[in-house]
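There are structures below to look over.
Shared between the two complexes below is chain A, which has chain B as its partner in the first and chain C in the second.
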Partner chain A sequence: MRRALNILYKLLPHALFLALMGMMGVILQRGDRDWAALRPMLALAVLMEAIVLLRAKRWETAGIFSILFGVLILWQAYASFMNTSVSFLFPPPDKVVAVLVKDIRLILHSILASFWLLLLGFALAVVLGVALALLCGYNRRLQNLVVPIADVFSAIPALVYAPYAVAVFPSFWLAALFVIASGLFWPILINTIQSINSIDRTLLDSARALDLNRRDMILRILLPYCTPGLFNTFTMQISSAFMLLIGAELMGMTSGVGWYVKYNSDFSNYTKVIAGFIVIGVLVSLVNAGLDLLKRRLLMWTNMEGRA
Partner chain B sequence: MNVSAKSALGELRAPRVQWSAFVPVLLCALLAAVAQWVPDGVENESHAPFIALLALLGAIGVIERRKQSARDILTLVVVLLGAWEIATAKAATSVHFLFPTPEMVLHVYLTDYAQIGKNIATTSLFLLCGFISGVAAATLLGIIVGWSVRAKKILLPIVKVLTPIPPLIYTPYLIVLMPSFFWASVAIIFLSVFWGIFLSMIFAVSGMDQKLIDMATTLNVNRAQLYFHILLPYCLPHAMDRLQQAITAAFMVLFNAEMIGNAFSGVGWYIAWNARFADYTKVVAGIFIAGVFVVLLKSILRRARSAVVRWR
Partner chain C sequence: MNVSSVKSKIEVDDVSFRYPATEGAGKSQLEHLSFDVREGEFVSLIGGSGCGKSTTLSLLAGLNRADQGQVRIDGLETHAPGKNRGVVFQHYALFPWMRVRKNVEFGIRQVSEANKKDIREKAERYLKLVGLEGSENLYPYQLSGGMQQRVSIARLLSMETEILLMDEPFGAIDAKNRVVLQDLLLALLERSAKRRTVVFVTHDIDEAILLSDRILFMKDARIAETLEVPFEHPRNREEIVTSRQYQEFRRRLFNLFYDFEGEESEIAKGIEYII
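Take a look at the complex of A and B:
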C-alpha cells in the first residue's frame, strides 16, 4: 500500500505534465491561439519536466513540481475554459509567459534601473548607518541619545513621507533614493549598534591596554567585529529594501520593475502586470541566494551563522 | 563618622544645582519667548498651541531632569523645533508652500481634528482586520506545516520564493480584482503579514528541542493537545518577535494602497489627497500623525508581547 502510494507520488508530476500538454493541445485545436503564441508556454512546461527528470532522486522534487504543474493547470483551465469574460483581469499563464518572452528587453532594462537605484540607496544607508553606529559604539552618551530616536524612526515606514519627499526633492529619482536610503538607515543603525554592544568587554579592554588610538579602535576592532552581524542585517533588510524600492517606483518613477507593473496596470494590461510579479519574485529570490552565497564565502570563520 | 557629620555631608551635596539638568527647560522657555515676542516675518497662525507644546516639553524636561539621555533628546527636539520655527516663521519673509510654520501645522490639528480622527479610525479598522487574520492564519498553518516533515520539504522551496516578493507590487492588481477597497486592503495586508510569519513558524517548529517532543509523546498527548498545548506556546514568542516587523510592513502596504487606490478615507489617503492639492501644511500634519500612529501601535504590540508571553 505504502509502496503504491509512493509510486503514485513519483508519477504525479509526469501525469500533470501530460495533462498540461493535453490542455495546450485542446487550446490549439480550438484555434484560440496559434502555434507561435503557445511556444513559450510549451517550452516552460518542457523545461520544468526536464528539471523533474534531472532531479528525480530528491524526494521533494516530485511534490514541488506537482504543486507548480497543478497551479498552472488550474490557472490555465480557469482562465481559458471557464471564465473567458474576465480574461483581461485574469489572463491565462500561456499569455503571461509569451509576454515575458516578448518584453524581455524592456524587462531587463527595468531590472537594471531598479538595481541601480536599490544599490545606491542601500550603499548610502549602509555607509551612513554603520559610520554613525561606530561612533555610537565609541561614545556612550551619543548612543543613549541616538538609540531612542532611531527606535522611533525605524518604526515609521519611509513611504509615509514619500509624497512630501517627491515635492521637496528636485526629481523623482532623488526622492526615491532618499526614501529608500532613509527607510534602510534606521534599522541598519539600530542593528549595528546592538551588534557592537554585544562585543566582549575583555576584547575592548585588551585593545585599550594596547593603547590603540580612536581611529584604530573603530576601524580595526569595532568594524571587523560587527561585520558578521552586519551581513545578517543586510539579509534581513533586503526584503524591506525591495519593498521600499517598489513603493518608490509605484510613486511616480519612469523606470524600474515597479514602474513596469504600475504603468501596465494603469493601462489595464494585467497580462504584463502578472509577468511583472513573476519577474520580481525571481529577482528577489536570486538576490537572496546571491547574498547567501556571498556570506558563506566572505565569512567562512562564522560557522554558526549559516544555519538558520 | 557620626550621624551629624553624615547628614551635614548630605546637606552639602544636596543643594548643589546641576545646571545642565535644566538646559532643555531653559531652551523651551527661550524658544517660547522667541515665538511670542519676536515678530513674525510671515502671516502666521496663533502662537498659543506652539507655546503649549513647548510647555509640555518643558514639563517633561523637569520630570526627567535626572536622566542624561532624556535631556539630550529633549535638547535635540527643542533645537530642531527652534530651527524650524526660526527658518519658516521668523527669518522668512513669505511662507514657502512646501515648508509650513509649526504654528500652521498645529493649527491643522485644531481645526481638522474630526476628519483626522475619522481617517485614523478607518486605517485602524483595515489594519486590524488584515493583521489579525494574517497573523492567525500564518501561525496555525506554519505550525501544521512545520510539524510535518514532508509538507515542509515540499512547501519550503516554494514559500522561500514567495516570501520576499514585496506585497506592495500586488496592490494595483488586487485593487481591481477585489470587490471593494476594504477587501483589497485586507488582502494586501494579509499577504504582507502572512509569508514572513509563516516561514518563521516553520523554522521555529523544526528548531524545537527534540526532548520536549519526546516528553510529550511519553505523556501520551493527542494531536490537538500537541498543537495547542505544546507547539503553540512554544512558537508564540517567535511569532510575537515577528509582529514588530510585520506591523511596519502592514502599515506600509496599507498606506501605499490608500495612496494609489480608490480609497476616500484613511491616513495615507489624507496625505496623498492633500499632496494632490499642494496643501503641504496638511501633508506635514498627516505625516506626523502617521508617525505617532505607528509608534503607538508598536509600543502596544510590545506591551502585548510581554503580557502574552509571560513565561519568557
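Take a look at the complex of A and C:
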C-alpha cells in the first residue's frame, strides 16, 4: 500500500506534464495560438520535466513540480477555456511566459537597475555605518553622543523620509538611494557599535600585544570580528530593504522591476504585470541566495553548525 | 657571576596597579612591586591564583599601565606594547577568522620584513615543532583547547622576540605534550644565538625548576620570596629530576607554595563547618 502510494507520488509530475502538453495540443488544434506563440511555454514545460528527471532522487522534487504543473494546468484551463468577462485580468500562463521571453532585454535591464540600486544602498550604509561605528569604538565621547541619536533614528521607518527625500534630492533615483541606505544605516551602526564594545578582552589584548598599526587593527582585527554581526543585520534588514526598493520604484522611478510592474499596470497590460511579479520573485530569491553564498564564504571560520 | 657585566633587561621599579573596575574595593592588584630580570635570564612567577601574576605580565607587555612606579625595558620606561616583546596568554588568544598557518604568519609579519615565502616556511617550521603539522589549514574552532594553545606558542616562538612573556602557556596542554613543549622551549632558548629573556608564569613547581634561572614567589600583590635555581645550563630533565639537590629545592618551594599550616587550618575549619 505504502509502496503503491510512493510510486503514484513519483509518477504524478510526469502525468501532469503530459496533461499540460495535451492541453497545449488542444490549444494549437483550436487555432487559438500558432506554434511560434506557444513555443516559450512548451520550452518551459519541457525544461521543468527535464529537471524532474534529473533530480528524481530527491524526494521533494516530485511534490514541488506536481504543484507547479498543477497550478499551470488550472491557470491555463481557467484562462483559455472559461469565457469570462474579465479575461483581460487573467492572462493565460503561456502568454505570460511568452512575454517574459519577448521582453527579456527590458526585464534583464530592470533586474540590473534594481540590483544596482540595492547594492549601492547596501554598500553606502555598510561603509558609512561601519566607519562611524569604528570611530565610536575609538572614541567613547563620540559613542555616547551617537548612540542615543541612532536609537531614535533607527526607530523611524525609513519609508517616511521618502516624500521629503523626493523633494530634497535632484533626482528620484538619488532619493530612492537615500531612503534605502538610511533604512540600513542605523541598524548597521547600532549593531556594529555593540559588536565592537563586546569584543573579547583576550582577543583584543592579543592584537594589542602584537603592536599592530591602526590600519591592521581595523582591517585585520576589528572588521573580521564584526562581520558575523553585520551579516545578521543584513539578514534581518533584507526584506525591509526590498520593500523600500520596490516601493521607491513603484512610486516614481523610471527603471527597475517595480517600475516594470507599475508602468504596465498603467497600460492595463496585466500579462506583463504578472510577468513582473515573477521577475520580482526571481530577483529576491537571487539576492537572498547570493547573500547566503557570500556569508558561507566569508564566515567559514565561525562554527556555523555549532551556532546554528 | 659578575653582576655589573650583565645588564638588566626588565626593571620593575616600585610598581603599584589597580584595575579601574575595582576602584575603591579592597587592595590594589599590585602593591609596590619591584624586581629585575637580567638579559638572557629565565624568570618564573609562581603563586596562588589571584595574587597578580597575569596582571604583572600585562604590565610588562604594555597592555596595562602602572599607576605608580615604572616598568623599564633596556633602561627605558615603557607603557605600550612593543615589537621586542611577544606574549602567550593564559587563555589562548588566536584570531578565529585566520587559519592556523595565518595566525602564526600574522605574528611573524609584525616583527619581520621577510618575504611571503620565508614567512610561510618559518610558520610551518614552528608549527611542526609544536606538533601541529597537518593542521595548518584548520580554523581555530576546529582545534582542541590544547592544540589552540600550541598554535599561540608557535606564534610566540616564531616571532623570535628578545623578550618572551608567557602566562601559564602549558596549563591547558595534556601531560605528554607538556613535557615535549617544556623540553622544546628549554632547547630553543639554550641553543638560540640571541640571548632571550623570559618571564614565565606557572603554577607547576617542577616546570618552574626545570626551566627557570630564578623563581619569584608572589603573594598578596607583591614578591614574597626570590629563589635562585641551582642548576647549570644546558639542562637535562632526567639528570635534574633524579638529583638530591632537586628534591631539597623542590621541598622548599613546595612549602612556600602550599603554606601548609595556613592551608590545613582552613581545610579543617571548612570540614568542621560541613559536618
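General remarks:
Here, the second predicted complex is superposed on the first by the 255 of 308 C-alpha atoms of A that agree within 3 Å, B and C clash if a C-alpha of one lies under 4 Å from a C-alpha of the other, contacts with A are read in each partner's own complex, and residues count from 1 in each chain.
Keep this in mind: contacts are C-beta pairs under 8 Å (C-beta built on N, C-alpha and C of every residue); 3 or more make two chains touch, one makes a residue touch a chain.
A quick note: this is a predicted structure, and the numbers were derived from the prediction, not measured.
In the superposed pair of complexes, A:R141 makes contact with chain B only, with no contact to chain C.
In the superposition on chain A, A:R208 contacts chain C only, with no contact to chain B. In the superposition on chain A, A:R55 contacts neither chain B nor chain C.
Applying the stated contact rule after C-alpha superposition, one finds that A:I221 touches chain C and leaves chain B untouched.
In the superposed three-chain model, the partner touching more residues of chain A is B, compared with the other of chain B and chain C. Of the two partner chains, chain B is the only one that A:I280 touches; chain C does not reach it. No residue of chain A lies at the contact with chain B in one complex and also at the contact with chain C in the other. Contacts from chain B toward chain A in the complex involve residues 68-69, 72-73, 76, 98, 150, 153-155, 157-158, 160-173, 176-177, 196, 203, 248-249, 251-252, 255-256, 259-260, 268, 271-272, 275, 278, 280, 283-284, 287, 290-291, 294-295, 298. Residues 59-60, 63-64, 67-68, 89-90, 141, 144-145, 148-149, 152, 155-157, 159-164, 166-168, 238-240, 242-243, 245-247, 250, 258, 261-262, 265-266, 268, 270, 273-274, 276-277, 280-282, 284-285, 288, 308 of chain A are the ones that touch chain B when the two sit in their complex.
Interface residues of chain A facing chain C in the complex, by the touch rule stated above, are 202-203, 205-212, 220-221, 224-225, 227, 300-303, 306. Residue ranges of chain C in contact with chain A, taken from their complex: 58, 61-63, 80-83, 85-87, 89, 91, 93-99, 106-107, 110, 139-141, 152.
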